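Below is one structure. I have some questions about it.
In order of appearance the chains are A, B, C, D and E, and numbering begins at 1 in each one.
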Amino acid sequence: MSTFVLLLATGLGLGALYFLVASGLSLIYGLMHVLNFAHGSFLTLGAFLGYAAAQRLDATSWFGFLASIVVGAGVGAVVATLTELLLIRPLYERHIEQVLVTVGLSLASVALFEGIWGTDPDFIRGPAWLEQTTTLAGARIPNDRFLIIGLAALVLLAIVVFLRRTRYGMVIRAGVENRAMVTALGIDVRTAFTLVFAIGGAAAGLGGVLAAHYFGYVSPSLGGGLLIFAFIVTVIGGLGSLTGAAIASVGVALLQQFANYYAGGTGDFVIVLALAAVLLVRPSGLMGKAA
Amino acid sequence: MSTTATPALQVKDLGLKIGGATILEDVDLEVAQGSFIGVIGPNGAGKTTLFNVVSGIARPTSGTVHLGGRDVTGTSVHRRARAGLGRTFQTSSLFPQLSVRENVRMASQVGLGGSLSPWRFPSRTDRATREAEEHLGEVGLGDKLDLAAGSLSHGDKRKLEIAVLRATDADVVLLDEPMAGVGSGDVAGLSDTIRQMHREKGSTILMVEHHMEVLLGLVDKVAVMYFGTIIAFDTPDAIMSNPTVQSAYLGTSA
Amino acid sequence: MTDKILVVDHLAASVAGQQVVEDVSFSVPATGITAVLGRNGVGKTSTLKGVLGLYQRTGEVTLAGERIDDLPTHKVVQRGVGYVPEDREVFSKLTVAENLRLAERKGAVTAERRQLVERLFPDLVERRDQMAGTLSGGQQQMVALARALVNDNRVLLVDEPTKGLAPLIVEQVTEALREASATVPILLVEQNLEVVRRLAGEAVVVAGGRVVHTGPAADLLADEALTQRLLGVHAETPDSRPDSRQVAP
Amino acid sequence: MRRFTPVGLGLALVVALAVLPLLSIQVPGILPGPTYTPGALQLLALCMVYASLALSYNLLLGTGGLLSFGHALYFGAGAYGLGILLERTDLSLWPAIGLTLVGAGAVAVLTGAVSLRVSGIPFAMVTLAFAQAGSVLVRRNPEGLTGGEEGLSLDTEHVPAALVGVVNTRNLYWLALAIVVVAYLVVLWIDRSRVGHVAAAARENELRVRALGLQPYTAKLVVFVAGGLIASLTGVMYLLLQSGTVPRAVGADLTITVLVMVVLGGVGSRWGAIVGGVIYTLLNQRLTLLAGSDAVDSLPAVLHVPLSEPMFILGALFILVVLFVPGGIAGTTRRLTGRDRTRSGSAVLEAADQADDKVLEPQP
Amino acid sequence: ACAPSADGDGGSSDDVETVEVGVITSETGPLAAYGQAFLDGFDAGLDHATDGTGEVDGIKIEVRNGDDTGDADKAVQLTKEYIGDGVKILTGTVSSGIALGVAEQAEQNKILYVSGAAAADAITGINGHTFRSGRQSMQDVATAGQFLDDLDGKKVVVYAQDDAFGQGNAAAVEALLGAQGAKVQPLLVGSDIKEFTSFSQQLKDAKPDLVFVAWAGETTGSMWQSLEQQGVFDVAPIVTGLGDVASYGAYGPVAEKISFLSHYFAAAPDNDVNAAMIEAVEGAGSTVDLFTPDGFTAAQMIVHAIEEGQGDVEAMVDALEGHSFTAPKGEVTVRESDHALVQDMYQAKLVEDGDGWKPELIETVPADEVAPPEAG
């Protein structure tokens, strides 16, 4: 019983982490059709600089932790903005080439991080509470999972509000379909695109800081390792559907957890099959708009 | 036209609902071999949808479609095309990066068979290419053979659509507003081409067209669609004097 | 120059590295409708896109005395240029209402304009929440028109607005354009000569990327030899079947 | 008459490459030694392996408009398939290769049949998923078949002596050259045949193809399987050349690398793919030298840190190509020689992308 | 220009003047830090063994360095390049996969290969031309076994990654400790696992007497944290291998509770060679680490081989087989039968040292007590 509760709770935590990584990816992909391979690098950079900020102030204090979150998200937003301005914007309406540029950026940036910080992971510390556990139905659940679940919910809410309550969501959806026509309606679509990238980058940076606490380290490959799962949940969830990504994150994480535990570590295998199955039955993903 | 022959196209009790909306309802239509039918009706009446159901792009929620006596309701788009059904699209549907010649060539090749063969190699001199160039000449695109189809102007794309259709050699042809956007100077020529296709091959044609002058000059009978159903199917003269048609479609009620 | 709202001088436009408008000069009077005519592929649409900056252009374009040829498209439009594109170009994954809301420019929409659109296209009101991609061709054309009419503009560029519309709607749209032209000058590309006859004051004929004729539309359409030469048609002769005409007079 | 020139040029190039091991030509900075030395031949042979892999990928992307993220699976199937057969059975080399290709072809047919049911980015993801499954399997080392992380080395017992050992690198080089030629001819053949034309048309407008009475699925499957087979043949060559294989040969990274090669060369161009494969491999192998060189070491840290990372240079270079050299090397050449016609690389790419959101007319 | 005809037998003259040694290892890429340590050791070792002359017995030793970046393609390329140029001695690499590939080439081309830091047991006895200068997994495991006084009837759970490294360790424990009467139960966990909590609980529920952890890579930190959170330390002693200095931080607060077996850390051996190595490496501006002695030992072996074998491969092989000498880790022996390197191992613990951690020696385990079983 306690094993089941443990699997469930930690699965939710893992799902929340996946969602944090996927949210920005899904936002950018869904709205701009750019499958951002550099998303992992935004995340890594957010984690590195966020933790550096925390260390300045005292990594084991809550104040330091808070600072790392703010800095991480800020750094993510800034690099994402620069990426959009310098690399994505010149290639407008050439989605595949935009994807290719992000592929190049991810190759180059990971190498750069390795040059700067070395390839070994830096093991990090956070507030003591995060490393302790809370017992629920006989299962000792690490506290940081609760924090991550809470923040993931907040991010989901914030982005949904942004898309629903502001004009930007509409401008961007229209802009992806026919950019020229949006400008012909008198709207400067470029700022909207940049904003989406900035928000996606901020989500990535935030995800990076939390992922670093989840895994206990920062390293140049931190983001890349999570990226593939972010891709998978984004696609399973349905292109551009944030709620879909959230549901898929939890589903994928739970599936992975249970398969790993009960089916001899076949978690990755199982979710890959799940991805294939979902796409074959519903090519547009769980919550994607039917094609 | 003998009444004993099986109709080229027969549509029975066709219905289509999407979500809560009824797009088609109780559509019945029997088109005799070799006839030329005009389909008119207000915008959004369901004309294009009817074509989509007949060609297999949309699936009806009820009713059947028979082509040359065979029930094709459940079969795929390409099967129906193979069975001799050809169509044009209201919004031009071409291969934008292939050349004008290749666009038509692809269609001629289907008519000649063996299209999916890895053992046969198209060339600039084979029969399919020659036929393609012929058809392109007919519609007046003889001097644009090597342009990418996507770079054609709107009107030229419509002409290319007709050339593609000519090349498919279909027995039953659905034309969805072939004249929309064609320059007034070319309308006559294009309608000649369509008439020729009808006469020479004896193909059965259904044509949606808002350009009444052209339509009336070509068709034997007119079907009128209104809110997803066919409200009249008669000779052009009878249709033109139908009061509903006048008030709801032509706008000459005064 | 105050009687000209839009002046196009030696405009050339290119797309994908290919010159599609060679050298076009004409002007649009501050009132009424000016028609751009020509056979398929001569560069009518490209001219409009050049004016808007959707295609790369050189030459001078002046809107009410202000040069706009170095402005990006959205700035041109914000100066009060409404556009109805040839291929409708509705946003298929947005609802009808969203399509219209997107088109509304701050300070340019008025209640009367909204009412005009609703009166002209009751169909659209009914289908507010339908995805624009699922509309019929004619309904999409209405969305495209409505997007331009909902704002107060200083000039409208309208590319084949009646294409694909049923005769009844053609008549209504023609009426709408006439009504609109009372308050805003319109540059109209149109293949339906009957519509041109009823609306246009001036006519500009394009061939091979250049202007080959300008003058009053009525004179042009009355001159059989000229229309034959420029547009490839005989000017409309009364038909033997009067009720078969596209638009009843 | 005019068709003759490219054929003659190609033939001359192949002959020139074939006699290279008999000559002594120094290409400082690019080749590690004169062209007859095993080091140089090994490098050139590796270039050819990747060139033919890039060719096969170009068949998918350029001709079929299929953006696959799982192409490495078939390369890996060739390499691991042959490796396992040679180790676990008594088959001699050639029958083992035949059997490997049959097996890899079967894998391609199966996975292709499933993944082609979707298109665009979903297709990319399903193929990625299959390749990922293959990669997980290889790393897991089931029954000790694949050697897991440490890879599988070539069991030379049944390999002809002429293909074993550094002194025989020459023979491996010739074999690799032969495989590029075969790959090129097969790709050319598919491209020129009717089925290739239909696949190219389906890339542009699938609905149109169906409305003409053709089944785009079949055409795309033919292209996919042909691409897969060439990739596995290339994998076979890789195993022989490297005397072994590592899990990277099935990983998503390799597919991305090949994608980079094809884009570098110019999507949709056969010789572009070859050039892209060769250049990428040379850069990838030789940049390490530059990165480790004293000249770079003596630079200030802002320059020396990035420049001493070969992948940084490669990634940055790739970005520059995509940004400033659209259509890759082939596209640029075409533009310079004024032969740009209907098909440019980025147009083909666009088609691959649009596939997923092409709006059909209303459907229930 | 034409290629020279192939029959001119390169360096077959009787008195060799120079011998080239190819050192292939990761200078960049994910394993760069390991590669650096190996190279530091190698340079120091070469200096030490040739008294700073770079010559032995009048033969000049020329070193060629190649960066494999951890990529097998590059390693094969370098290997063939070197062998093609007539290099008869290769050494290096920190990746087991690459080491196995180079070993394969060494056998095919009849040259001498002294593998470096790669721990794979498979390298031992792989062929007649391959030697090793580092330890192998079996030696780790044997050292771990020393933490229990009596293994008979005890339950040893191996908690390891489900990959070649983990599987190898599990097999080694089974073979070695199983033979001594322990009940060995492997708990293999996918190496790509992200959430350890449930496995930690499973481990605790297994009620082991000794836990042997074989885990490498970035997830190490969260793995240990999870063992702590689920209370596995309250159940049984946990043994694992001590990694390089950079990994000390991975254990977090539990570091002091873990029993470490160690291949090497600077303070473990107490002999002149070790002291000389530390001095040389630090003198060159670097620090000694886990794999520094492997490089040092490799250099010592190569110098000895050249001295005895004068560059002739078979003679050099003969010279190394059975050779005993004082390496940084003390007296080591190249076992004649399978080329295993029999060497001392260490038991250690981590103690807090300012901001970081510092290993302290508990006990040196004599070489013969942890000698790997002979590879057949």
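By our rule, contacts are C-beta pairs under 8 Å (C-beta built on N, C-alpha and C of every residue); 3 or more make two chains touch, one makes a residue touch a chain.
The chain list, named the UniProt way, goes like this: A, D = Branched-chain amino acid ABC transporter permease; B = ABC transporter ATP-binding protein; C = ATP-binding cassette domain-containing protein.
Just so you know, these numbers come straight off a predicted model, no measurement behind them.
Enquirer: What chains, if any, are shared contacts of subunit A and subunit E?
Expert: D
Enquirer: Name the chain whose C-alpha centroid is farthest from the C-alpha centroid of subunit D.
Expert: C
Enquirer: What's the distance between the Cα centroids of subunit B and subunit D, rounded to whole Å?
Expert: Distance between chain centres, rounded to whole Å: 43 Å.
Enquirer: Using mean C-alpha positions as chain centres, tell me how far subunit A is from subunit D in Å, no decimals.
Expert: Here subunit A and subunit D have centroids separated by 31 Å.
Enquirer: Determine the centre-to-centre distance between subunit A and subunit B, using the mean Cα coordinates as centres, and give it in whole Å.
Expert: Averaging C-alpha atoms per chain gives centres 49 Å apart.
Enquirer: For subunit C versus subunit E, what separation do you get between their C-alpha means, in angstrom?
Expert: Chain centres of subunit C and subunit E, defined by C-alpha means, are spaced 78 Å apart.
Enquirer: Mind pulling the subunit A residues that touch 2 or more other chains?
Expert: 114, 268
Enquirer: By residue number and range, which residues of subunit D touch two or more other chains?
Expert: In subunit D, the residues touching two or more other chains are 136, 308-310, 360, 362.
Enquirer: Find every residue in subunit C that makes contact with two or more other chains and list them.
Expert: Counting only residues that touch two or more other chains, subunit C contributes 92, 134.
Enquirer: Considering only the defined contacts, which subunit C positions touch subunit A in the complex?
Expert: Subunit C reaches subunit A through residues 52, 54, 72-74, 77-78, 83, 85, 89, 91-94, 98-99, 101-103, 105, 147.
Enquirer: What part of subunit A is in contact with subunit D in the complex they form?
Expert: 33, 35, 87, 90-91, 94-97, 100-101, 103-112, 114-116, 228, 231-232, 235, 239, 268-269, 272-273, 275-276, 279-280, 283-285, 291
Enquirer: Considering the complex alone, what residue numbers of subunit D touch subunit E?
Expert: Of all residues in subunit D, those touching subunit E are 21-25, 32-39, 41-43, 46, 136, 139-141, 147-151, 153-154, 156, 164-167, 169, 241-244, 246, 248, 285, 288, 291-292, 308-310.
Enquirer: Looking at the complex, which residues from subunit A come into contact with subunit E?
Expert: Going by the criterion above, the answer is residues 2-3, 6-7, 10-11, 13-14, 114, 118-123, 125, 131-133, 139-142, 214-217, 219, 221-222, 225, 253, 257, 260-261, 265-268.
Enquirer: Using the touch rule from the top, collect the residues of subunit B that touch subunit D in their complex.
Expert: 16-18, 23, 48-49, 52, 55, 57-59, 61, 76-82, 86-87, 89-90, 93-99, 102, 106-107, 109-110, 114-122, 146-148, 164, 168
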